[in-house]
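Take a look at the structure below.
Chain lettering (A, B, C and D) follows the sequence in which the chains are written, and residue indices restart at 1 in each chain.
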Amino acid sequence: MSQHQTLGVAVIGTGRMGADHVRRINDVISGARVAAVADIDADRVRRLADGIDGCTPYTDPAAAMADPGVDAVLIASPGPAHEDALLAAFARDLPVLCEKPLTPDPASALRVVAAETALGHRRVQVGFMRRYDADYLTLKSLLDKGTYGRPLMLHNKHRNADTPPGFSNAMMIHDSVVHEIDVTRWLLDEEITAVQVLRPAPTGHAPEGLGDPQLILFETAGGRVVDTELFVNCRFGYQVSCEAVCEDGTARIGDDRGVFVNAAGHWGGAITPGFVERFEEAYDRQVQRWVDATRRGAVEGPSCWDGYAAAAVCEAGVRAQATGERVAVELAERPALYR
Amino acid sequence: MSQHQTLGVAVIGTGRMGADHVRRINDVISGARVAAVADIDADRVRRLADGIDGCTPYTDPAAAMADPGVDAVLIASPGPAHEDALLAAFARDLPVLCEKPLTPDPASALRVVAAETALGHRRVQVGFMRRYDADYLTLKSLLDKGTYGRPLMLHNKHRNADTPPGFSNAMMIHDSVVHEIDVTRWLLDEEITAVQVLRPAPTGHAPEGLGDPQLILFETAGGRVVDTELFVNCRFGYQVSCEAVCEDGTARIGDDRGVFVNAAGHWGGAITPGFVERFEEAYDRQVQRWVDATRRGAVEGPSCWDGYAAAAVCEAGVRAQATGERVAVELAERPALYR
Amino acid sequence: MSQHQTLGVAVIGTGRMGADHVRRINDVISGARVAAVADIDADRVRRLADGIDGCTPYTDPAAAMADPGVDAVLIASPGPAHEDALLAAFARDLPVLCEKPLTPDPASALRVVAAETALGHRRVQVGFMRRYDADYLTLKSLLDKGTYGRPLMLHNKHRNADTPPGFSNAMMIHDSVVHEIDVTRWLLDEEITAVQVLRPAPTGHAPEGLGDPQLILFETAGGRVVDTELFVNCRFGYQVSCEAVCEDGTARIGDDRGVFVNAAGHWGGAITPGFVERFEEAYDRQVQRWVDATRRGAVEGPSCWDGYAAAAVCEAGVRAQATGERVAVELAERPALYR
Amino acid sequence: MSQHQTLGVAVIGTGRMGADHVRRINDVISGARVAAVADIDADRVRRLADGIDGCTPYTDPAAAMADPGVDAVLIASPGPAHEDALLAAFARDLPVLCEKPLTPDPASALRVVAAETALGHRRVQVGFMRRYDADYLTLKSLLDKGTYGRPLMLHNKHRNADTPPGFSNAMMIHDSVVHEIDVTRWLLDEEITAVQVLRPAPTGHAPEGLGDPQLILFETAGGRVVDTELFVNCRFGYQVSCEAVCEDGTARIGDDRGVFVNAAGHWGGAITPGFVERFEEAYDRQVQRWVDATRRGAVEGPSCWDGYAAAAVCEAGVRAQATGERVAVELAERPALYR
């Protein structure tokens, strides 16, 4: 499409993430509009479409993609529905921004990789939005330039105030650590080859059965070691930090920000209450970059291969968590499309 | 206009600031487009318009405002041209975002105030973009909520790496301190009543004749004291900070941000190189808020009165700078429109 | 005396400061012992001496100085008693560590200066203990080396949680700002030539009649400008900071220290509750340096001239506080002994 | 001895650490003096004793301890000589401050434990001087009070600018990690039960064969997990930090201190160049506490059991380093003397 046309987007899935993307495209993103929305909940999707000029509601994702005003697809349905939606988009050769996970497991992710490879060109950007966070972007740039020499280790901290009901040990890997999996692969530009999980005696604030906190260890193809403290009932707020230990120095993001206060016997500031406040700009930047690239006819950002690799490491991580042993990660051969 | 229509903007003045606003409206701002551009340099304005779908070039600001696609005006021409442009916009009752200064001196600013008052409703948002910076917004919110009690003093620091050729003592007030003038009035929600300027022995890095640094002191109607260190050849980077000293605590913004580094015998991070990096998001947010309000038919943000008050304090500041004495600020009576 | 002998000290005054110095010399300081104590309260001084091997109690300072075991004198009596005690020590040519103030006013301080000058050599070290604080020592060293170029301005903050009953506006200068007076003269190595005091509307937490906070402005002989926020009912703790603004950079001490905490929605740490915690090591270092110098036969540290200059600036400061005007500081000619 | 007598100390070993302790006792420590020094280098020990009043040189440690002026012993000879020196001190029932390690291996350390147990009372304080560092003391106090709830994990960083010639992988455990071993046991008040060592691809700045950095993992009897980044050729300075992750918050020491600078495009401060600057006060406090306790007839601080436990964990650590596997730590039964 011409760079001067407004991009018509079909949003698939209108739950919390999907509805937020609809708002973002309408109110924040320049150069795009929501042309179609799809959800199995017919009432919800009709009410949503009613509030938007020129937006048609659908219950079938493929039908939404066939809408004549649609130039691109944003998939925000539950993970198990992603594979079908992606294949439907591939059938129409439409550019896709697919929320993480690409699909819930390595086998299905690999099928998506194969389908996109068969298509012969990249169509999918996966929603690993930390790659669009200003701090992570600065850290990535420092590592790529080698400002402080080669990276040797990463120390990650991933802390949430608390967990929603039903949060499980497996979700600690699939929903939380998956971000550190992608950050590790992206910052170091190499695959993760082994995972180990240490489980200290849990906090009394965690629900029965949840091993919280955990210490997750990655080894990478280049022999780097990455540790991640995951602590999802830390109570004091939301905190995501990453320190790259390099040959000539270390660089850390995510610790302190905002207003510095002296009051009531204490110096410091407020801790970010949640991921929305911390990563709101990254979400905006992610969609804006996707709209811009799509209008230029390009596909950039996290690929299906990145989605597959994350799924494979998650699978190994869940096993490592259960056994306490080091679990090697086995990846399929990387198609030329993603090299 | 309907909230669903795209806002057609006439950009008056296409120098550095004007051209940057054109880019912003095209690429960043949702819900607006550049419908007309005006500049006395006919070649420049034609080249600029050529690259934008549906944008017409003009050499006369009033003609640009009369373009049928124009719903609103952004004035980015040199300060002395602002009064005429504002009156032209008032003649058509168009909403205006006017770059600071409103006009270069209190007398002309007061004429604009009178013209808008005669119009009977606010049309102008003045471009004091610090009011849209995330940190300043947080500080304003803390003060408004009284989180740390009543504010007693403000300590500002305003540091630039260096100054462009021709930068004068008067420009230190009109172009630099004017931001602290607006921030003081906005954060404390009261007028400045006196100004004093202390001039230490200057740095050897300042051009001959420039008294750099200076310490500027404000008194406010409520008896608060505000000091501002202005140091525009500090060499180390760009740094804007504000500490509010309140009855139960202090809150400071603007000190440290971004990546924390250990390297070469030093801990810390990079200092922001300039105001673009520091306030880019504030510029975006300023224009976005103006577009959103305009599409709703509202006028918000810094008013003509704010522009006039800044001009009056600047005039007193330049006298205080020359004499070393405390100079009282005399303001006209505030029209009901701005109460 | 030989450097290998233990220094016998007469402590004059056994109130809070005096008793603390007795403890310090006994338990902390290497190479010294308390040989005599003097206080007008005969009971108190006898009880104190009873607990110390070879220590004799006196009610007359001169008699204590005449004790055969006494090699040096530490004066910790109330300020009005300092002149007599100093002259008694001069009569015996004994080295003296004299708590601040040297004397309470410039006229008496100048008499002490004259008496020591008549003696022909320095005997007195004045108790400006910030000169022995590790952070201030580092800052002084950076300024002396010119690491960041010539200093242009100093920004001081001097904050106390609250004030004892009876604390007056004059005491804000004489007891609190006197430290910034000495720090300014010492760090910049030049005299203060004018004082101005701005008095914002006071905090509701200050006792009736106390103008708290205040902004104190100094000009120095070299044309530097120094501002000090004095806020003695800030409630949140004790905080003393100093930022030197130099031609090529700024250096600040006193802001954040100790343990960094994430808890209860807040990052940061505990604010020092009082000056004892903040400057305990400086007090120890001050006395240790004095003992060491005395055993070598040397006199170092803040001199009678420093005590006199502080008294003169305090006097000007109290006038400036009352008038709101700039008050010039007039100093006597500096004797060669102190050049 | 009476608390009012000066403690006569025999210093065994006059290499770098021993000579530094001699200086400390003479110049810094109140209430102690060096009465005897012992070293196999007869010339060196004679020259050292010549400069100290009433100090006798010896080449035999036992003979030095028999000197009539000796009340206590400070052992600073090489580790392999410690066992004999300790047994000689036990034979005379003298209080001992023994530099770390207690002895070089668990078997010999256990013999010392048995000998002191046979004596029936504690005589030895082991030189784990971090327990006397102001920051660690504050952290210990926070954990003991449970200010932020129960501790769950510790994250340690131990960074040196570079290593001396001959520094080996085993020395990384025995000379560096031994401090984190003691800190872990002391802060958490429980034994270490397993060790694992991860070895990332080494920095190019490490000597051939040195696996630098390493990530060392401890499990404790209470199920806590402790990780330590050891990076001894980090080039940028000396940095020792510890973050305790507790149920209701985290507390970190050792990150940023001292002067805060803005200069040359960078905010931050100087990194401590080495352990002397970082821990000088801890060394002083360690010896002062030992002198004070000894003069009261008490024995406090790290015990022979602490020395033995460190030796046992070091031995396991060296095996873990070589195998990459988790190695369980087996401790002897703890004698009642150390409970």
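Simple rule for what comes next: contacts are C-beta pairs under 8 Å (C-beta built on N, C-alpha and C of every residue); 3 or more make two chains touch, one makes a residue touch a chain.
Everything quoted here is computed from the prediction, not taken from an experiment.
Chemist: Tell me which has more C-beta contacts between its two chains, A-D or A-C.
Modeler: A-D
Chemist: Please indicate which chain is farthest from chain B, where distance is taken between mean Cα coordinates of the chains.
Modeler: The chain lying farthest from chain B is D.
Chemist: Which integer distance in Å separates the CA centroid of chain A from that of chain D?
Modeler: Roughly 45 Å separates the two chain centres.
Chemist: Counting only Cα atoms for the centres, state how far chain C is from chain D in Å.
Modeler: Distance between chain centres, rounded to whole Å: 37 Å.
Chemist: Just give me the whole-number Å value for how far the CA centre of chain A lies from that of chain C.
Modeler: Here chain A and chain C have centroids separated by 58 Å.
Chemist: Which residues does chain D have that touch at least 2 chains other than itself?
Modeler: 234-236, 248-250, 255-256, 261-264, in rising order.
Chemist: If we count contacts the way the header does, which residues on chain C are in touch with chain B in the complex?
Modeler: So the residues of chain C touching chain B come out as 149-150, 152-153, 155, 198-205, 213, 215, 217, 219, 222-225, 227, 229, 231, 234-236, 245, 247-250.
Chemist: Across the complex, what residues on chain A touch chain B?
Modeler: The contact residues of chain A facing chain B are 4, 26-31, 53, 135, 138-139, 142, 148, 248-253, 255-264, 281, 292.
Chemist: Could you please specify the touching residues of chain C with respect to chain A in the complex?
Modeler: Result: residues 159, 234-237, 239, 255-256, 261-271, 273 of chain C touch chain A.
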